[in-house]
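In the two assemblies presented below, subunit A is common to both, partnered first by subunit B and then by subunit C.
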Partner chain A sequence: MTALLRVRNLSTSFATESGLARAVDDVSFDLEQGETLGLVGESGCGKTVTALSILRLIAEPPGQYGEESRIEYEGVNLLELSARDLREIRGAQIAMIFQEPMSSLNPVLTVGSQIVEAIRAHGSESRREATERAVELLTLVGIPEPGRQINDYPHQMSGGMQQRVMIAMALSCRPKILIADEPTTALDVTIQAQILDLLMDLKVRFGMSVLFITHDLGVLAGIADRVAVMYGGKIVEEGEVHAIFERPAHPYTQGLLRAVPHIDRPTAQLRGIPGAVPTATEWPSGCRFHPRCSQRIDRCSTETPPDITTETEHIARCWVATPAGKS
Partner chain B sequence: MLGGNTRGKVLGSMSSPKTLLRVESLVKHFPVGGLFGPGDHVRAVDGVSLSLLRGQTLALVGESGSGKTTLGRCIVRLIEPTSGRVSFDGVDILALRGTDMRALRRRMQIVFQDPAGSLNPRMTVGTAVREPLEVHRIARGKDAHARVNKLFREVGLDPSLTTRYPHELSGGQKQRVGIARALSIQPEFIVLDEPVSALDVSVQAQVINLLVDLQKARDLTYLFIAHDLAVVRHIADRIAVMYLGKIVETADVIPLYDRPLHPYTVSLLSAVPVPDPRAQRKRVPLRGEVPSSRHPPPGCPFHTRCPHTRKDERCSTEVPKLQEVEPGRWAACHYAETPMTLGRGA
Partner chain C sequence: MTRFLVRRILHSVAIVFIVATITFLLVHIAPGDPATAQFRDRPVSPEIVAQYRRDWGLDRPLYQQYLSYLSNIARGNLGQSFSLNRPVSEVVLQALPNTVFLAVAALGISFAVGIVIGTAQGATPNSRFDHTLTAATLAVFSMPIFWFGLMMMLVFGQWLGWFPVSGATSPVYSALPFLGRVADRLHHLVLPALTLGLGGSAVVARFHRAEIAEAFAQDFIRTARAKGLSERDVVLRHALRNALLPAITMLGLSLPVLFSGAVLVEHVFAWHGMGLAAFDAVARRDYNVVTAIALFGAIMVVIGNVVADLAYRRVDPRTRAS
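Take a look at the complex of A and B:
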């Protein structure tokens, strides 16, 4: 079976005053029908740029896609599609929700009119039909009194309610793929739990595939089928969710896991990852993680690590990862 | 360690664990105009009492808008409470004026919620840390310079960063600068207002560990504000859970996590993501959102969202008092003696 979305050799860079920022560098992954793929990594590792690149939302210039880059959706390379055909796909086939709902909702329009616009942009519904559907969608995402709230402006709603409106808008055209870029990071844990439950429920009901972006690996345990770990613009480890949590093979993934506070394991000392993510104009040579890595060997600082298959469907890009069959 | 001059006075009374901070019936109402007309109030903090032993960490947790920041700011007297008492090391701080208050300010510091917003963008971070030393006439010139470098090292920053501006630092680095600034005048007590909420998980762990180490080295007392119960388990001795301006449960860390007594604490705990795909906890769903603190619900402020199976008439009419349900464990729920259980398992 071929995947619904195939990202191949995606490189996205930006021309900046201090040189070329290689925000995403030769990234490949698949998103299968009906699956949730978690994309995780620290701030500045290229998660958002990856998401925006899939929808070709990067401004060119200063942004630029590499020549080899392909975003294949139903066999078509989105990076070669005409602007008009691309508009048909955005929103209708592949929808995105952003980290900060306030910055993507229009403050001077009611939430209802924004959802109605989103519905009518792709469909042939009349205004009245679209309004009815907007109320249905608001009900679906758990907004109380949707018939009344539809007339509210975004600032009259809490962050959690705004995020629900964003989800309702994203679902308005029944997309096949939902890209959720840190949709709960700005929210309280209680509201985060509600939104995660809602997203997973809707995913099943609509049969969607979800690309879920987060910097908190802990969140993915409850929702992802597979996990891709990003560092320095590259995917450094990828595997099924149990494999990533139980047998992390890359020192970066291991570090991220140790940093997650465990509510059930209070005595385990929290351990961070020393240092910080460098800027995208100054990625280190060899393995980009080597300056922060506690397991590095000599070649790490000079040679790019290969793909090591540590078990079926589980790949780590690291010189010290153990290939399947050896130990 | 940096000199102990501010310490001398209190050392004599430090023999047994001793209450450093005591807050009694603290109230902070903000007047609001507009729609509801004058005379209307946000009851940001609505009758809070708590105490804190020297050298301990009390974590204050609760959802956005529950009044944590307001309480923290009242305690260090950045804002004046509407009523109530705050005593610090036996001194009623709300009665202090002028120089007495200034002297006390040196002993209590606050690290703000937003690492970026609390630093002046036009001041190098070295100057930001040096400023309080000069304001409080603790050090000048070369001495101040040396102290700033030492503080940078103490919080895990390279002293070469002192000449940078805030925008040239990462979020974690800025948060460390905020901590260095608070430490510069050697306080005994620090209010840490969500010091790690804006940070990456990997950096969060570094900052938490740093705070724990500093506390041990300097015998600091913390009020640690957070909205996430997972993080505070690693730093707190005692927890106070806030909801709509009130403390609804308070207990030592271990019993609180093992067997929370208030249904709100149960919900908060069950909402924390479990970083293990095989051990997903059953969620105790919390319907809806926090009600407005302008018009808190009658009776138990939590009754509109409460999942407790015993919830009844009484909950929506009678305000539950914060009472000692078990030794050292206080909860404000009519049914705290028959708490809900935290679902665990597959």
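Take a look at the complex of A and C:
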């Protein structure tokens, strides 16, 4: 069975004053029907650009998609669709929520009218029917007094409530895929947990596939089926969630894991990865992670590492990863 | 809200007071006075001139004249016109409707044209279309308004003969039926209003282009596109709506420019409004009329600004009292 969404050789670059920023470079992954794929990596690794590229929301120029890039949804390459056909996909088949709910909502329109607008963009509902549906959706995402709050403006709500509105809006046309780009990063810890629970509950109810983007690997433990780890515009490791947590093969993934709080490990021992993500205009040669890697060998700095299959459905792009059956 | 209003009103009173003082000083410092202007064309004995000055209180020390002027306007008494020998309030009120008529039409044109152009530019930043319009609006903006008026006259009045070039009405105006009068007024309005309005539209377009471009950079535009809205809805419902808020402030700010432009345009088109009245009054050193018109202008500008601020607060949900 082919996947619902197949991303193939996606490269997205930006023309900038300091050169070509290769924000996403030859990224491929699948999103299966009903699964949650976690996409994780530090800030600046290209997660948001990947997400926006799927719906072709990158401004061209300065952005540009590589010639080999394909975003196949139900077998159709979204990068080749006409603007009109693409709009039929956006919001209706694939919906998206963002990191900053406050700035993602239009401050001068009521939340209700923004949801109604999403519903009416894809259906033939009257304004009244759409408003009724918007109230139902607000109820569904746990907004108290939806009949009243529907007339509120975004600034009258808390961040958590705004994100619930964004979720309601995203679900308004029953999309098959939800892309959630760090949906809880801007929220308080307690609110984060509530939003995560809500998302996972709705995912099951709506039978959606979710691409969940985060910089916090720990968040994925409870929600993801599979995990793709991104560094320097590339996916460096990919596998089933338990495999990633229990047998991380890439030193970068291992570093991310050491930064996750764990019951067995006091927070004092939490360690981040030394150094910082370089800018997208000047990725290092060879393995892009090598300047920060504690396990690097000579060839890491000159040769791009191959795909190493460390176990079934588990791939790492690293010279020091051990191929399956060789340990 | 009330505190805001009180503060704004005190502010406005202070501005009007300053304008009154400055115009008073300017007209008195300028060479010549109503007496010399009055008898410029017919030489008379110095006694008659002196008598004239005494009659109008022009022989008193300046500070006395200033104080009585202030106390008069504080009581709403604008005094008498030297040259026309009528109450100043009458002169001003007679000129007012024509000026308001012209100003409102010009304001409408400058905002309608400016916002359409600015939106189109801001939605396609740095395209060839955008650059062309930037050059065009800059050209219009840097043209002296009286010259622009003369060109309009030449092209649309002289050569093409589409519109009258002088006055607010035709000589046969009073003989026309009601609808004929309306048509006659509008016909006369076209060239002066376009002259005044297009100059303003260039400013509005440049300002609005920046506002639209800024709105386009906002996250909620991305959300709107992600929802599957058409680009038309993204522009009109999301970007334009947000960019219109600052345009309201712009409306208040553009009033002074509008009034100073009106003085020149009225002169060029012999449009009998406050600008032309001010022009004549300056030539005749008709102090009371000049200061009264400046005062009126100032009052309209401050009222316009307060109204624009209030309107802004009403339409922006973030500042609207809930």
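Simple rule for what comes next: the second predicted complex is superposed on the first by the 323 of 327 C-alpha atoms of A that agree within 3 Å, B and C clash if a C-alpha of one lies under 4 Å from a C-alpha of the other, contacts with A are read in each partner's own complex, and residues count from 1 in each chain.
The rule we apply is simple: contacts are C-beta pairs under 8 Å (C-beta built on N, C-alpha and C of every residue); 3 or more make two chains touch, one makes a residue touch a chain.
Since the model is a prediction, treat every value here as computed from it, not as a measurement.
When the two structures are aligned on the shared chain, A:144 is found in touch with subunit B, with no touch to subunit C.
Once chain A of one complex is fitted onto chain A of the other, the partner contacts of A:325 are absent, as it touches neither subunit B nor subunit C. Number of subunit A residues touched is higher for B, counting subunit B against subunit C. Note: no residue of subunit A belongs to the subunit B contact set and to the subunit C contact set alike, using the contact criterion stated above. Of all the residues in subunit A, the ones that touch subunit B in their complex are 42-43, 144, 158-161, 188-194, 196-197, 215-219, 221-222, 241-242, 245, 255-264, 266, 269-274, 276-277.
If you check the complex, the residues on subunit C that touch subunit A are 218-220, 222-231, 233, 237-238, 241-242, 245, 315-318, 322.
Every residue of subunit B that touches subunit A in the complex is listed here, in rising order: 63-64, 170-173, 200-209, 227-231, 233-234, 253-254, 257, 267-280, 283, 285-286, 288-290.
Chain contact summary for the complex, subunit A toward subunit C: residues 52, 55, 57, 83, 87-92, 95-96, 98, 100, 103-110, 117-118, 121-122, 153, 155-156, 166, 169, 173.
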